[in-house]
Structures are given as structure tokens and as C-alpha cells.
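There are two complexes below, and they share chain A, which is joined by chain B in the first and by chain C in the second.
== the complex of A and B ==
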């Protein structure tokens, strides 16, 4: 199937999402809550584009809109520019502390609306990607709580979670760096919980928290890993090199 | 019932009414809400254990729905309408009247655990404004001098 994005012809499969096709063809569509490993979140609405099918034009969300027939996509039409500016302005008032959001606002010339009240200096845009990451890893230590203006991401009862293994995946997927991770001497502090770190036997760098490595080892049915990821990769590469005689 | 007096013997019968399936989580939580007037922490933990899911997901649900509460509510729940019609006909006076009679404002519970007060936005009975609903019984055109009589009658009554 052939579609046109901003006038450029792009090949795509039936059911593929616009954002993937655009990315493959080097067309930039801004987004915040999209993560390749956790697709389908579709809640930041920054990636909106305009789609024209048989003369009908519609604003859709590029990261969750499946391509089912030939169409033309516009990523910078006047309607997209106007609506995206509003989305970004609202996100900026929700998370004034986020440099990612303010950079996007600057890039797309978003005017500042005086009627949008900035309440606090948070970085969180409440996309829920962190909770999704935690859940899909099988930990399920954090979730979104309350709703409306009181919505937030926390652990149950706001207490240090006994389920959290301190893998910091939530912080890694966060598009705005809103989750605090403190890594001090020999321990990592996240969601109010301090978990000891295990050091790599080779390089001495932290390989991960004791709890996350034990969880991984249990799942794989192996012993506790002794090396950090970089050293493990290096060891495998050396092994392969000696096998193939490089 | 305070949290420390709730035992797993109180909770288990509520769980066993439903099969071990996550889609029953909300129904079980509603039963707990009805039984204890709130969802105790032990109840939420037992439910997570029973359904084999994470407590975070249940906590998320319990905080999302307004009909579920993590703090104990009163035996009788007073809902005062503060929609447009009721507001104009003096819902605010009604709320301050309740504050005088029972000593609680919105989202609070009386010390004896008998009453809790909630403000709602419309009960669909604007002709009766100002409207108050206590335990699903409607009181229309309520005046503040009727309040002590209504609450005294309810105090002696068993919960429906």
C-alpha cells in the first residue's frame, strides 16, 4: 500500500501506524508518550496529524491510527499546527517543570495562554508510561491514582512498595524525566525505597539492584549474574571472537 | 469498623462469593464498601492475593471511583445537592445547617461514625430543590429547622 506523508510517497503495510511509517521515511512527528517497547499509550496527543481520505480530512493521533486505505497525511497543516499548539500549551501548564515540554513549545512557537494556571513545578505529564512499564515487567509496584485534577502516579498508599525491585524502568521510559532516582554509594533510592546495588565483579560499576537481579535470575532459572551488562556483552563478544578465530 | 478490628474471617466470605477472576475486582470492592463502609487495607491486600494481581492496580481502581472509599464513611451517607437549582434555593445554607447540627462539613464523618456528608452536583430532582438524599431516601425542599428531626430519626434506625 502506498500513502503520502507531506507529499512524500511512502510504502506501508495494512494496519501499520502512521508514526512508524513516518519514522521509517525520515519524517519527524513530535511525540512524548510513545515508546517502541510499550506501544499504544496514545495519551499525550502531541503526535496529532491530519489525514485525508476521499476528500475528507480528519485530525488523528499518529501513534495509534492504523493505516487501512490509501490516504494523504499532513503533519504540518494549519489545523495540526493550531491544535498541537493547544495540546502543548495544556501539557506545559500541567508540567511546567519539564524541559522536554518547554522545548517542544518553543520549537512549535506555542503562545503562552494566561488563562492556563500553572499550579506546581512538576515534570510529570501523567502519561502513565511508567505504570505500564512496571506492569508489563510483572512488578506492578506503581499505578495512576485518583482522577481529574488529583491524578498522580504513586505506589499504593504512597508508601515504599514491597513489590518494587528498583529496576528504574519507570524512570527510563519516562518522557520527561519526572521520576526521581538517587544512586548513592552502594544503593539506589526510588519511590521512597532504598535498595542495595550489586557491583560488577570485573569493572566494579553497579550492575543493578540486588532485588532486580535476583528477580531476573529467578525468571531465567539461572544463578545470580556477577557482571554488569557492558562486561557481559564484552565477555560474549570475546568468546565469539575466539570461536570464529578473529 | 476500625482497621485493627477487621480480620481475614470478615473479608474471606466477601471474596469467596466470586470466582478467582480479575474482572470481578470491582464487584468485590463494592461489596467490601457496603460491608465495612470503606475498603480496608487488609481487604485490598487479601483481594490482590485472591485474584493473583498487583495491589497497585486495585488501589488505582479504588481511588478512581467515587463510590469506593479508602477511609471509613459514616453509617448513613448524606448527599446534599449543590447543582444549579439547589444552589440557588439555598444548598449552601443547608450545608452550614448540617455543620451546625452534626459538626461535619463536606467529605467528613461524625465522631460516632453515624453520618458522613457529601456534596453532589445534581440529583435530577430540581423541582424539589434544595434536595438532600440520605441512604437513597430523598428529602425535598429541606429547611435547616427540619434537619435535627431527620437526623435523630436516622440515628436510632438500623442501616438499610
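== the complex of A and C ==
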């Protein structure tokens, strides 16, 4: 199937999302809450584009809009530029501390709305990717709570979560670096919980928290790993090298 | 003569004490002794819709209706059965006593289709429903090819009564066209609009008609399983629906073998947890599945991939209540009511500053004026009508010069309001339109799911600006900024809640711009509602010293002796306006806080 994005003809599969097709064709669509490993979030609305089908133009979200028929996509039409600017301005008021949002605001010439109520230096844009990552790992230690303007991401009752294994996947997928991870000498602190780190037997660097490694070992039915990821990869590479005689 | 005494036991009448009226009537029948010639039976019915005049008691045959009945009235009612009516309990229209509902100006212009059985039957009795032709439509449908059922619904022109007005027949046809199973039929009973109680009334007062509608839908699309999503606050509705499902299954109208045909439908009730957004189709389905009640992008419709990703038809309670009528009397017959593009009738919850409030069912296309002045009896105290807010929190406000607009899906939408589920709030000149907009934005800011940026953050900023305006901190350019944010919220929100949330703001700006300007530029509220910028003064020339204002003041800010002019102590006054409501001589003026008199 052929579609047009900003005038450029692009091939795509039925049901593919606009964002993927654009990316493959070197067309940039800004986004924050999209993560390839956790698709379908569709809530920051920064990736909005205009789609024209049979003369009808609509604003859609590129990261979750499935291409099912021939159409023309506009990523920088006046309407997109206007609405995207407002979305970014709203995000900036929500997360004035996020450099990612500030940079997008600058890039897309978003005016500053002095009238907007700003939150104090927070970075979180409430996209919920962290909660989605935690859920898909089967941990479910954090989640979005409340609704409307009271929405937040937190552990149950805001207390250190019993379920959290300190894997910090939430922090890794966060588009604005809003989740605090304190890496200490022998422990990691995240979501108010301090979890001891296991050291790699080879290099002495932290291999992960005791709890996450144990969880992984249980799931795989193996013993506790003794090496960090880098050393483990190195060991495998060395083994392969010796087998094939490099 | 056999008399049946129908006592309204809808939620409204129960709250006004109808259950003790039932008890008193029963005691009276027992104590006045069995009269061989007069057999009396008491029946608890669903809501009659005229709740403010409840408890309502109707005597059948004849239909003499009594209002605001107290347990002490039972004696006279029973003693005078078949005799002269109890004069004191009749409804009075302009001083004249009205005997039956047919002569009552509130009921007379109504055409009851969806509400046809409510108030006439005991909702807990399957026999009552059967006696009025209940399950005839299902019996008929069971022998119809699915295509014919759908064709009949299409011919009726029935559109979804939940708000969006999507053609029901088209929805069914699309669902029937998919051949992946299981398919589901779901009834949306998560009525959340403030002031609306149409669906509650139907579920409480005639639950079988909804079940019958769902069963017909299931036959048409090929579903074997269905859910009724009903908000948990609707205790009576839940009770009646659950009983109705049990009774219908026991009678073989539902369950695995409908009318012995081999076709089946199993229905379950799911209780909503109180989130307004769960009335949105995809959020509702997420909630049934046990997930957080958040909508998803609807680029793929739920009729294709709904509950558990299977084809699902979601219909509103009132929509389903119309289905048996369509199958029984034919789609064309149904389409003869209403307008060309909005067929049939619509139930409205008429509330606010109108003389007769309640639940009314009228053919589509009747004018707002008819609803408000003929059925509603006009504005309380003869005050000027200012606006009507239609369509729930994300509907719009329609001003006085548009009272002749016909009420149908497309007209209301084209004027920035919407039909919504049928809430209709009437406002007089003492309603501040900026405050109305602030109220609804506040409601939606709290009830948005909070998932997508434009809806959550847009409403957060709009609420802050509107609050500033109402409290005298509005700035030049605020109105334009509100419009700018509104545009983005409308255009780029994820679901229908966000896509309609700015409606109250947009319509009040469009039709009542002057009020915004007065708040922002002159720091005054023309309606005298916004307490932060409004004060009250007593016009000594008009004050008769009746003391009503003094009695109504909650903070004892008013001083004065009987028959002499009263005075308000501004240091104590909280600007609640209770004195102004109480005054019968228009002696209480609104002034700007600080003492400057308003222009009027």
C-alpha cells in the first residue's frame, strides 16, 4: 500500500502505524510517550498529524493511527503546527523541569504562555510509560492513580512498594528522566525503597539489585547470576571466539 | 370493582417517603375491612417522572392521580375509592384541580415510547410486563432472519440515545458482518451527567424492556453473551435488573435456550465504580475487562474490536428500550414520530429554574420553548429565562433568542450544544454564565480520565483561568486564550469526553461574551452569583420590613425590625444571595464588592 507523507510517497503494510512509516522514510514526527518496546500509549499527543482521506481532514495521533487505506499525511500543516504548539505549551507548564519538553518547545517555536499555572520544576509528563513497563514486566509496583487533573504515578499509597524489585525499567523508559534513581555504594534507591546491589564477581561493578536478579533467576529457573551484563556478554564472546578460533 | 392503587416507588418518590405511604395504604385496606364489591390491590411502580410532586399515587382504572401524598392521606384515599376524588391531593394547574395525568399539563404533551410501561407496572413482576405485551417482540424476532431484524431497526431511523446519535441499525449491521466469535452485546447504564436520570428511571421502572432489547440485538448480531454496565450508585436499578434477569431466565426468555429455539443469551450485571469517563464506550469496556477505566484511541471501532477485542455492540439503556416497540410495530411506524433525521422520541430530564421539573418524553423536533414553557410551565417566579444547558457537562448553553430551535441531534450540535443523553438544565437571569462554564470545566477536570495531555492539562489551565475570572482576577486576553486552548482540546484529545469538554466554555463565550467582559474589565458579576466580586445591599425604598431576608441569612448579617427597612452588614455578609432569593419585593440589589452599585 502506498501513502503520502508530506508529499513523499511511502510504502507501508496494512495496519502499520503512521509513526513507524514516517520514521522508516526519514520523516521526523516529534513524540514523547512512544516507546518501540511498549507501543500504543498514545497519550502525550505531541505526535499529532493531519490525515486526509477522500477530502476529509482529521487530526490523528501518529503513534497509534493504523494505516488501513490510501491517504495523505501532513506532519506540518498549519493546523498541526498550531495544535502541537498548544500541546507542548501545556506539557511545559506541567513539567517545567523537563529539558526534553523545553527543547521541543524551542524547536517548534512554542510561545510562552505566562498566564498558565506552572508546576514546580517537575519533569513528569504523566505519560504512564513507566507504569506500562512495570506492568509488562509482571511486577506492577507502580501505576497511574486518580483521574483528571489529580492523575499521578505512584506506588500503592505512596509507600515503598513490596513488589518493586528495583530494576529501574521505569526510569529507563521515562522520556523525560523524571524518575529518581539513586545509585549508592552498595544499594539502589528508587520509589522510596532501598535495595542492595549485587556486585559482579569479575569486574566488581554492580550487576543489578539483589531482588531483580533473584526474580529473573526464578523466572528462568536458573541460579543467581554472578556477573554483570557486560561481563556476561564478554564471557560469551570469548567462548565463541575460542570455539571458532579467532 | 377491582381497583389497583399504583404507588410510585422510583428513587425520587422513595426519598419523599412513598414506602411508608404503601404501608399506610395497606394498613387502611386491612382496617377498613374487605368490601366484597371493592377489591383493592397495591402496586409499587417505577418513576412517574414528576418527582418534585412525589410521592405519586394513581388509582386504576380511571387514572386519578394524587401528588405529595403523606401516610396520613391513606385513610381518605381508601375510603373514597370509586367515590369523589380526594380534592386536596390533586394537582392544581393555575388553581384548577386536575384529575388524571392526561389532563395534567406536565404529562399531556408527552408521547411515551421508551417510558411506555414505567409507572404502569410493577418492575419486579414479569407478569405485569407480559400483560403489556412484554417479550412479544423477542418471540417475533426469534423467527426472523437476523437481516430482517436489522432492516427493521434501520428503517426505524433509531439513533443512539446515549449522546452521539450513531444510527443503531448501522451499528448492528456492522457487528453482524464480522464472523469472529464470541460477540458481545453491552448495555451502557453508566449515566453520569449531573441532573440526568433517564436511564436510571428505565432500569428501575421497566428492566425487562432493556433485557428484551438486548436479546433482540443478540439475535441480530449473533451474540451469546451480554453485560449491563450499571453505576453502583443506582442501587434500586441494580436490584430490579438482577431480579429481571433471574425471572426472564427462569421463564426461558433468556439463558441458553430462548423460547426453546436453541439460541441463547447469558446476561450479567457489572457495577460501575463511579467514574464519569466509564460511560465512554472504550473506557466502559476496559472497566468490564477489569482494567483501569481509560479510553483508547478509537481508530478501530469497538463494533469491530470491543470487549476482549471481539465484535461488540454497545447501546444505551434508552436506545434498547425502544427496540421492542420497533420490532412489534415496525420500523416505519417508529420513524413516523420525530423528525426525518432524528426519529422517535427522546426522554429529557428537565431540571433547574423551571416550574415543573422531572422526566419528560417528547417526539424529537419539538422546540425548546415547548419543553420549557408548555411542559415545564415556564420559569419559577416568572423571572426571565436566560439559558438552557443541554447535553450534560460537555454540552452547551443555548440563549433565549434560540428558544424556537427544534430539539434533535443535528440542530443542537450545529449550535455548539448537543443532545447528549438528555439532561436539560434551565437557568434564569440569576445564573452567571461564567460560573456555569467554570462549574462544568471543574467537573470535567476532575472526571477526565487524565490520560491524554490536551484534556487533562487543557482543562487544568482553563479551570485556573475561569476561576480567576470568577474571583475578579481575570485579565485582558483571557477569553481569547480560553478559545485557543479550547480549540486544541477539541481537536487533539483522545476520546469524546475531551473532544467535547470545551463546549460549555465555547458556547458561553459565543452567546454571553458580555458577561465575561463584565467580570474581566469591570470586576463585576452581572448575575450577582460570583461571591468574590458580588455584594448585596437593601434598597430602603423598596424594603417593606417583612423580615424574610433576615430569616434566610445563614450568617445573621441582616439587621432591622419588622416593618422597617433592613440593612446588610457587609463585614459579615458572605454574598451567598439567600436574601435575594427570599425577598419578594426586589429590594435586594447586587453591588460590586466594595460598594459600587451595579448598572442595573
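The rule is simple: the second predicted complex is superposed on the first by the 246 of 246 C-alpha atoms of A that agree within 3 Å, B and C clash if a C-alpha of one lies under 4 Å from a C-alpha of the other, contacts with A are read in each partner's own complex, and residues count from 1 in each chain.
Heads up, the rule we're going with is that contacts are C-beta pairs under 8 Å (C-beta built on N, C-alpha and C of every residue); 3 or more make two chains touch, one makes a residue touch a chain.
In this text the structure is predicted, and so the values were computed from the model without any measurement.
Contact with neither chain B nor chain C is seen for A:71 once the two complexes are overlaid on the shared chain.
By the document's definition of touching, of the two partners only chain C reaches A:125; chain B does not. A simple residue count on chain A separates chain B from chain C, and the partner touching more is C. In the superposition on chain A, contact of A:161 is made with chain B only, not with chain C. Look at A:147: by the touch rule set out above, it reaches both chain B and chain C. Judged by the touch definition given at the top, the superposed model places A:178 against neither chain B nor chain C. Of the two partner chains placed by the overlay, neither chain B nor chain C lies in contact with A:207. Comparing the two interfaces of chain A, the one with chain B and the one with chain C have residues 143-144, 146-147 in common. Note for the complex: chain A touches chain B at residues 131, 134-135, 139-147, 155-157, 161, 163. Those residues of chain B whose C-beta lies close enough to touch chain A in the complex are 41, 44, 53-57, 59-60, 63-64.
Those residues of chain A whose C-beta lies close enough to touch chain C in the complex are 40, 42-46, 48, 59-61, 64-66, 79, 82-83, 86-87, 90-91, 93-94, 113, 115-117, 125-126, 128, 143-144, 146-151. By the touch criterion given at the top, residues 275, 277, 292, 296-297, 299-300, 444-454, 456-461, 463-465, 475, 477-478, 481, 484-485, 487-488, 491-494 of chain C touch chain A in their complex.
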